[in-house]
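Shared between the two complexes below is chain A, which has chain B as its partner in the first and chain C in the second.
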Partner chain A sequence: MLTNTFLFVGYPYLMIVLAILVSIIRYRYTPFSFSSLSSQFLENDQLYWGSNFWHWGIVIVLLGHLTAFLMPGAILSWNANPVRLFLLEATGVTMGMLALLGLVSLLVRRLTHSRIKVVTSTMDVIILVLLLVQVVSGLDTALRYRWGSSWFATNAAPYLQSLFFFNPKPQYVASLPLGPKIHMLSAFTIIGLIPFTRLVHFLVVPLHYLWRTPQLVIWNRRPEKRFNSQSGR
Partner chain B sequence: MFNGKGRGRTLLSLALVSVGLVAQDAEAQFKKQCMSCHTVGAGAKVGPDLKGLAERRTKDWATGFMMAPGSYLDRGDATATELLKAANGVKMPDLGITAGEAEAIWKLVDDATKAGKVIGSAGIARPVTPADIANGRLLFEGRKHFAKGAPACLSCHSASSAGFAGGGSLGPDLTAVSGKMGKGLASAIETPAFPTMQNVFAKAPLTAEEAFQVAAFLGSVSKEPPAKKDIMLPIVGLIGLVGGLQISRIVARRRFKGVRSQLKPKA
Partner chain C sequence: MDIRSQVAMVFHLDKCIGCHTCSIACKNVWTDRKGAEYMWWNNVETKPGTGYPTKWEDQDHYKGGWEVVDGNLQLKSSGKKNYLQRIFYQPNLPTLDEYYEPWTYDYDNLFSAPEGDDQPTARPVSKITGEYIDIKGGPNWDDDLSGSPLYARNDPNLKALTPEQELQLLSIEQLVMFYLPRICNHCLNPACVASCPSGALYKRGEDGIVLVNQEVCRGWRFCVSACPYKKVFYNWNTGKSEKCILCYPRVETGQAPACFHSCVGRIRYMGVLLYDADKIKEAGLRPDSELVDAHREIIADPFNPEVIASAKANGIGDDVIKSAQKSPVYKFVKNWGLALAPHVEYRTFPMLFYVPALAPVTSTQEDGTLANNVDELFAPLEKARMPIEYLAALFGAGQEGPVRYALKKQMAVRSWRRALTVGDIDIEVAKAALAAAGCTPEQAEEIYALTSLPTFDQRFVIPASHREMAIEALKNPLENKGLAGIGFREAPERGL
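The block that comes next holds the complex of A and B.
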């Protein structure tokens, strides 16, 4: 009981406070370090596939978690029909697998590509491994402890909401199996490590690009023409 | 007002009020955590009728068992093993009852026994109709909502062929549960006291009628083979993944690959 109180009350609060405080400090002192420190310039081919798979997969999975956290009732209503429930779960599993594929490819790239190795820090490897734990434990939960979308809404959502209302109720998750518990704990760890890693980039996602006035890039000549004439064909 | 005698009276009345409150708490707790399987004086359900508990067990044994039934079974306690047999192998869950609460429940049971008071009821006792079974299946699968908003059983449980691509697997398969729990099943699911369920269902209990119908459905499948391990989810997931990869290959054809590769003379 005491362990559960620490792991599911003390630990998440500790990690959230750490994330907020250190993010503020880092932004005040080194604002230009808020970036993913792109290595696209050093290697672009593997990055294109890895990064796209990873981001599409993980963003959709995260949006699913966010929806279930904010509107658990809506998820349960959707799941009232077993076919719809299955479609939701299958979408989640597909996106989880896509994220896993992208993540593994990014991890391999980071550990094997000679140019990328030069710009890789310990924290980069730590956060990638943690994300791997997160995605694998999430897929394991989805496949072994079905139907996660429903019991997230009944057990995990009230627990997470209770944390936000400063009235923690760890009893909602205390009796869950080890797999889902690892998933939650590694999530809290990742949140705590956000300001110490490249993950800070998601705090400064340039969402305003979506509605700012478009910037036109004007080329002197039409690119196709130029390349064709210069390559001497 | 605050002379010695007056203060004494105030304290006494406060003490009486708090004793009353403890008794009320114990009864509320009994209803929430014990009544799904036990009654006092209304007959056995999943577990034994607790009437006359003090005549059968010592206080130490009973309160200790309430707090951690699992540990009694683990160390092979003779009485606990016998009780488990009598309950068809249905283990009493560890409910996180504290020493103080266990003592209050012991007192509640003892007081009720002495006063001839009945706590709980043996549940609905009418014969099961086909309509009950059909309704129970709809409730189990979630196609029909529980009146007080409880989540569908299928979220975490499977039962024979219920659901599309099977039931949940966070909780146990309930195909054969009716044979194990017998008549007590309906009341066990009315306010389930199992650790993962009790917080969820304390807020949204089933009505006696709904519990009866779900139990009727589970009774109707109890002779069927247990739910198959369904592998449709990972398979459909993989199909989705392969489809996604194909789409991304098509999208990537129009990808801007930089100018350098095109400028380099081809070897």
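The block that comes next holds the complex of A and C.
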């Protein structure tokens, strides 16, 4: 019981606090260190498959998780129809497979390509392995315990919501099998490691570009005119 | 009218000897660092040739610059519509292999090799991986055509020529070339700035220098794809983009940038241009055939009282306006029509202009002997070895008119000075040539003076920035301006 309390209450909070605090400190004091650290410039061909598969796969899977976290009821009523349930599960597994394929490709590239090895840090390897654990345990859950999307809505979502509202209820997940438990614990570990790795790049995804003027002009003498559109579209 | 000022440039290609001193000056000052070894913010290319990175002018491949789509100016590479799908992988990004793999040599082997039958060698070692490599190319691999038309043949500008012209241009006995020194053009409508989703790139209001804020850059690489001149570079070590900063610490104190200062042929001019920012958008939408004129129309007359009033309203100082009135760049571009922007059809409106090189036929090979044709030193343009079409593809958006005008005028000024100093050309003939080139004897003298005899202070008319008016006195500049390639608050090391 105490173990469960630590693993599913203490540990998640610790990791989330770590993620938020260190990210803010890192952003505030070492903004230069925020970068996607893209290595496309050094190796282009393998990255095409690795990066596209991984990113598209994981983005869609994460959006699925987010939807189930925000609207578990909607997922349950969607899953009431077996065809729709199958569609959702199949999409999830396909995207998970895509992410896995991409991830393995990226890991192989990082460990074997001579130019990429030069720009590989220890944290890069650690985070890649953790992500591998995360994706494999997720796929394992999806394939072995039917139906993941439904019990995410009945168990994981209320648990995560209980964490969110500072009213933790680890009992929702305490009796889950080992696979999903590993999945959740490695997820919290990855969240905690975000500010210590290149994963910070997804905290600075440039969505503000959508409503920005095309040209930026900065005046030294007139700070009030700092971001002044110049021309263009 | 929204008048702004720009530190603009002219490179007089007829004076360029292709010595690469500019490149070395820049390299030693700015890019002699890990991650930047392959970067040449200033490089000198041989034309015809493929350049650096290879075939940078082939925008079907690299998708740099702007294009007009349904009456709108859009980036060729990506825009708001599709940038998120390209953020994981840039489809048009040049990679290290399109530039070259930087290397040094294993000099130590010369001393430490064991005794043997052969001389020890210093094998090339990659500056990136530290492994031995076979050198496949360098930043100026086709320098001086490398003695063959092998590289020149792949020049994207050759599309403008007929097969006969191309054959003639590339036949080994008639091979013709000129040098094209290139730096960032610090454009009026920079594609790099518009493409950066993080908003790291910006144009400085006071002098128009385009910079990358190193603390905001996240290495999404859109700028590298978007710049049609491939003058934004990705630092593979820090994961940030970098580019020519026009030596702004020097420019701010009224000094010429390192590449300008070190130019052996004294081909470089720098001066202020006042321009009307309100005209940029409209100019960008004009058809190719009007682009050279549209570009020049953006540049405002520094003697026009309305222009001066608008400039003052924008906070441009009297000394800057005075500099604009003395600007050698204004003379070459606007008064004389001699200087042309490179590939204006990319619609970024470069602020670097080139005076196209003359390539008169001075000697021909006949029956195995060399015949000097002194009479044809001032031959008609049709006899020039470099086809006008080629120069038009490079400097005129395909239009021969502006190139022809610039070459004809240069030729006429030469005839005029020859008539005055040597006297083997009739003065009336020279005068007629001047008139035909749209030039007066007075203007010819001015062109001659600024081309052949300029002093340092005539070539570089750079007003120092007004430090006393800068926000530094009142606000923390690091928070109110971007960091720009130098002046880091933390060591510029690769992030975790």
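Some points to look at:
Just so we're on the same page, the second predicted complex is superposed on the first by the 209 of 233 C-alpha atoms of A that agree within 3 Å, B and C clash if a C-alpha of one lies under 4 Å from a C-alpha of the other, contacts with A are read in each partner's own complex, and residues count from 1 in each chain.
By our rule, a residue touches a chain if its C-beta (ideal position, glycine included) is under 8 Å from a C-beta of that chain, and two chains touch if they have at least 3 such contacts.
All figures in this text were calculated on a predicted structure; none of them were measured in a lab.
By the touch criterion defined above, A:Ala153 reaches chain B but does not reach chain C. When the two structures are aligned on the shared chain, A:Leu2 is found in touch with neither chain B nor chain C. Once chain A of one complex is fitted onto chain A of the other, the partner contacts of A:Pro31 are limited to chain C, with no touch recorded for chain B. Within the superposed three-chain model, A:Gln215 lies in touch with chain C and out of touch with chain B [touch as defined at top]. Using the contact criterion defined above for the overlaid structures, shared-chain residue A:Leu178 touches neither chain B nor chain C, since it reaches no partner.
Once the two complexes are laid over each other on the shared chain, residue contacts for A:Asn44 go to chain B and to chain C alike. Look at A:Asn52: by the touch rule set out above, it reaches both chain B and chain C.
Overlaid on A, the two complexes show chain B and chain C touching the same residues of chain A, namely 44, 48, 52, 223, 230-231.
Of all the residues in chain A, the ones that touch chain B in their complex are 1, 44, 48-49, 52-53, 76, 79-83, 85-86, 89-91, 93-94, 96-98, 101, 142-148, 150-151, 153-155, 158, 169, 171-172, 174-177, 223, 227, 230-231. Chain B contributes residues 96, 141-143, 145, 151-152, 154-156, 163-170, 195-196, 199-200, 232-234, 236-238, 240-241, 244, 248, 252, 255, 258-259, 262-263, 265 to its touches with chain A in the complex. Across the interface of their complex, chain A is touched by residues 72-74, 79-80, 83, 87-90, 93, 95-96, 128-131, 188-190, 193-194, 196-199, 201-206, 214-221, 234, 236-240, 277-278, 280-281, 284, 315, 465-466, 469-471, 475, 477, 480-482, 488-490, 492-496 of chain C. Those residues of chain A lying in contact with chain C across their complex are 29-44, 47-48, 51-52, 55-56, 114-115, 117-119, 121, 123, 196-198, 200-201, 204-206, 208-210, 212, 214-223, 225-226, 228, 230-233.
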